[in-house]
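Following: one structure in structure tokens, then a few remarks.
We just call them A, B and C in the order they show up, numbering each chain from 1.
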Amino acid sequence: MAGRIDARLKELGIELPAAAAPVANYVPYVVSGNMVHVAGQITMLEGKPQHLGIVGADISVEEGNTAARLCARNLIAQVKAACGGDLDRVVRVVKLNGFVASAPGFTQQPAVINGASDLMVDVFGDAGRHARAAVGVMGLPLGVSVEVDGIFEIS
Amino acid sequence: MAGRIDARLKELGIELPAAAAPVANYVPYVVSGNMVHVAGQITMLEGKPQHLGIVGADISVEEGNTAARLCARNLIAQVKAACGGDLDRVVRVVKLNGFVASAPGFTQQPAVINGASDLMVDVFGDAGRHARAAVGVMGLPLGVSVEVDGIFEIS
Amino acid sequence: MAGRIDARLKELGIELPAAAAPVANYVPYVVSGNMVHVAGQITMLEGKPQHLGIVGADISVEEGNTAARLCARNLIAQVKAACGGDLDRVVRVVKLNGFVASAPGFTQQPAVINGASDLMVDVFGDAGRHARAAVGVMGLPLGVSVEVDGIFEIS
């Protein structure tokens, strides 16, 4: 069935953005063999960073979770571009690294990054289950609360 | 010789835990081709997180090193599961990323993560020598002091 | 043309250091298949760490950028060793992870890590364009301001 994942995105009410273009000497993804390495995606929505601040101080775990889901949406947009538009070529979400801008003493990084993990499984089903690291960092580009990068296997 | 690495573990007095089960929409490892990507492992021992706190404030470099060794033990348990129980299939420990919950001004992350690096070489010999990154972060899941993830090549 | 990248380095006035030797049970790089995983490189110059401190507090964005460029130089030195001295074997810079020791509220990690990204493109041209993550951390080994690790595809 062609467009299986596109249909699933529609069902979930998720509209992918145009994959953000590079703004420097790095690119949003590199395909090497059958692996796609996607650059760290932040909480961009229609060209503007969302969910700014430090989780556990400025913003809640719940909002952090929403931020992570938005990062994951942007990852999927990049993977779609890497696949020439055909997300059915995704064999497996291999690894996600989730970085959470964290207040001192904040230790619920997993609950935040679940926002990204859950979207991957919502969209790709079992192929969306991935290895993951979640850590709390001092700060992130543009002051966003969450950044997630990833490795995807494609056919 | 079958069970070479199991014998080495016994010699070292290291008993691997049952590989921890996933608690969310991510999994402890993904095998892609001949590479195993293992999720970030923390200092779990018999189901409880150990060595909580911030290195350089709450706990010492020495305890951090012990914490990293425990993370490495848990990584090996996951790799064993990924290999269907046969650790002799490990060709090479390729990369470890070590995250140390660090006090402001703490800069001995390498001495901490050596606890993980040393265990890999203790167990796998030269095949245990790996590329590595060690960084100091703001905080980690459940308040543990160290998290380590890794990439392993298997046959 | 043999020595194409060496010639480019000369043109840029960049002299690569001898690849730093391992100081522990980890190694500066691991070659697995056609991928080179390079350990986190810091701001070593002639055996001494440079650009110490926290970006946004002790040192400026501009100095951080210079620090990142130095890390990238050291990455290239390791890749050269991994290639048996022949940098023309580099097919693609696949991924860089940039860690910036950051003051609270500092959010210009991309401007810092551009120092590494720019050097990759200066040296390797389009093959130097890579996926990237840039995050702000609490602290780094030896008190350096920047650490960068990377994955390279070689032939």
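What we mean here is this: a residue touches a chain if its C-beta (ideal position, glycine included) is under 8 Å from a C-beta of that chain, and two chains touch if they have at least 3 such contacts.
All values reported here derive from a predicted model rather than from experimental measurement.
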{"item": "Pairwise touch network: line, ring, star, complete, or other", "value": "complete"}
{"item": "Fraction-based call for chain C against chain A, same above half, different below", "value": "different"}
{"item": "Between chain A and its twin chain B, rotation from the CA superposition, multiple of 5 degrees", "value": "120"}
{"item": "Distance from the mean Cα position of chain C to that of chain A, given in whole angstrom", "value": "25"}
{"item": "Chain A residues counted as touching two or more neighbouring chains", "value": "137-138"}
{"item": "Chain A-touching residues of chain B, taken from the complex the two chains share", "value": "22-30, 32-33, 37-40, 97, 99, 101, 137-143, 147, 149"}
{"item": "Chain A - residues contacting chain B, complex", "value": "34-35, 92-96, 102-110, 114, 117-118, 120-121, 128-138, 151, 153"}
